[in-house]
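Two complexes are shown next, each including chain A; its partner changes from chain B in the first to chain C in the second.
Let's look at the complex of A and B:
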């Protein structure tokens, strides 16, 4: 592995559920420290991309390389050990446990108490809610706050790559703002993120790179700001009328 | 553990240790023995029913196992009176080992199905107790040899043995709250599938909690049999024992350290008083149920969690106003 090796690269990846293919030859690269946002219409395979990277779904053909190493045959637990953390679309917190306990669950596979305390402190610096609402039940937080805690919890394993699956889905505008502020905080912390987002405008605005997925293939890639200015992307995904 | 917690625990145990030296009243000592018995039982039940959220209704089967095990071993002689107490860890360990396959199978089910499976275990144990005449003596019961304790302080050894089990059950409960096993059980209670997803060894943790819980329950059953002097199947494997543990834990507050203690200290004296007032016709059970229903309507999560929620809300409102 050289320093030029991308952190994550997908080459001609096909994957799907049962006999059908959802991904039909996806090519995607994520460099270290980048936030790459994948946008696309419903059913284009955005969440499936994340599942093939985290190992929740096996690939049928193609290659998934992490740090230059082929990982498509590894279990999801092994990929977690490599530092790939998946924050799923559905609420993944334990509603009946406190925020602090939820954070501890994020570090469940760790045994070094000092390290856990350090990471908790670091996560609280980025996401003060972890400390401020430490004793509150996770189920009593608003949707946006819960998403913030989920993202903060993902930091407990000091991940090399965070996979964020539609973090703003189903949230009110205020909560959505909180979520994108969380993504910005992660970016400022130098994290590498592969973000899948239905809200294309907000997703691309916080991303360094973007990719448009259509019918299981990457149709377009470019800098987040460039894609925001692209008239075709604007027409299809940003709700701007063609002139 | 916080300083306040240590102080609370110290005061609680200091007053209970000094209690038998402050009174010579037999009935009061007897009532305290039964209260401590239910503190230990409900704290043990809380390990699996409270922390893991698996409402076992079969614990009385293991209580009966402990009672019969002790009665069978010490039916002819108890020496100077102390061997049955020394033997208790064996009772607990054997019951815990025996419970592993039962827990393993039963805990493949969840919630109400688990409750049904475990209550089936209870009725199977009761049926065995009635019908295995050669081992249990059937409906005639099984006697335990009488210890040569001084009659004026006869209850004291049993009282302290129950107190030791209270300390063990509460110690286990406290350990659960502060350790990874407690965190795992809370996660299981909150969402078992998610717990599995973050790396909790779900089956192992549940079976360990179940084994520890029923091991402690069996030890309590051992002391009960020794204190009563005779073990009858209808009393040793009695659904009312399980119901008592469950009610006390729910009343005080599930998955809390002090909830089961509070529940037992309210319900056992109340039950004894009502039983004394209303006679042995079991009408006391109606009043017992009434107390419980009213409390559950007013304090649905149990006394301690409801009070602590209300205090937290008050504090929050005060902070918001400031």
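Let's look at the complex of A and C:
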């Protein structure tokens, strides 16, 4: 591995469910410290990309390299050990457990209590809700608050890469704002994030790079701000009429 | 009035024993969504194990629970690992009914071969002792059994609430995919959880064998009572099962005292039918399901 090696690279990745292919040759690169936002229509395979990286779904062909190491054959647990944390699209908190217990579950694979306490403090600095509502049942929080705790929980492993799957989906505008503020907080903390977002405008706005996924292939990549200014992207995904 | 209070005492003590049996059943359902039709057979197995060990060692049946609990834990974990784990997730809930029923029949056959079908009981010498308190009879064995049930439920509670393993179990119950993403090995949790649920049968079996004559076919009666308790409590809620067990214990004892003992068993089936018709999610199903 050299210093130029990207943190994550997908090369001609195909994957799917049963006999059908959802990803049909995806090429994507994520550099350290970047937030890369993947946008695209429903069914284009955005969430599937994240699943192939975290190991929830195996690849049929192609290569997934992390820190230069081929990881496509590793179990999801092994990828967690490498520092790849997946925050899925559906609400992933444990509703009958307190916020504190949910945070502790984020450190499930750790055994060093001192380290866990330090990570908890660090997460609480970025996301005060973790401390303020520590004893509240996670299921009693608003949608936005729950997403904040999910993101905070992902920090318990001090991850090298966070996979964020449509964090704003199904949330009201106020909660959506909270979520994107969380993503910004992660960015300012120097985290590397692969973000999948239906809300393309907000997603690209907080991202350093963007990729447009269409029918299982990356159709376009560029800086987040450049994609926001791209008339074709604006027409297709940002709800702006072409000039 | 005396009769009613006496029935309340007896019902409360019996309810505690049902609570212990049902907590294992509920734990298993909570983790794997498996309705374990073999739970009654495991209780009877626990009773036979306790009886055999008692006859062999002459150690008090209550103390023998320390030996029988790990044995039944491994029996349960092995059942899950070898018979339930291979089921396809999509069909697991339905097929597990057949598998656990087959396990119950297999255990019944095995016990019939080993012990015949004669009714047996565990007789340490104090099984018929009673205390008289303010004119009311309190059976010694049932009282100890009640205390044991409370102790086992407290231990189960502490395991679930205060240990990392317990947290992993509750997390798997509430959101299996998320638990897996955080590094929980759902196969191991399921095997341990099933083992833990079956392990409660060791204590329940010892108590059952002390207060009731039993034979290998006794599991049919037990499982029907257990299903009533867990459905009344709300599938997947241990707290609900404990309350339902007390309600059923007291209810059946009152019916027995105020009408005739023969109607006591019928109480369970009447309640089961009423609950399924009126409130199929049970007393606490909607509120605390998934929270164990």
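Couple of notes before you dig in:
To be clear about the criterion, the second predicted complex is superposed on the first by the 243 of 243 C-alpha atoms of A that agree within 3 Å, B and C clash if a C-alpha of one lies under 4 Å from a C-alpha of the other, contacts with A are read in each partner's own complex, and residues count from 1 in each chain.
Heads up, the rule we're going with is that contacts are C-beta pairs under 8 Å (C-beta built on N, C-alpha and C of every residue); 3 or more make two chains touch, one makes a residue touch a chain.
The structure displayed is predicted, hence computed values, not measured ones.
After superposition on chain A, the partners chain B and chain C are seen to clash.
In the superposition on chain A, A:108 makes contact with both chain B and chain C.
Once chain A of one complex is fitted onto chain A of the other, the partner contacts of A:97 extend to both chain B and chain C.
Set against each other, chain B and chain C differ in how many residues of chain A they touch, and the higher count belongs to C.
Chain A uses residues 77, 92, 94-97, 101, 104-106, 108-109 to touch chain B in one structure and chain C in the other. Listed in rising order, the residues of chain C touching chain A in the complex are 164, 167-168, 170-171, 174-175, 177-185, 288, 290-292. Chain A contributes residues 77, 92, 94-97, 101, 104-106, 108-109 to its touches with chain B in the complex.
For chain B in complex with chain A, the residues that touch the partner chain are 180, 183-184, 186-187, 189-191, 194-195, 197-200.
By the touch criterion stated above, chain A contacts chain C in their complex at residues 54, 56, 76-77, 80, 85-86, 88, 90, 92-97, 101, 104-106, 108-109.
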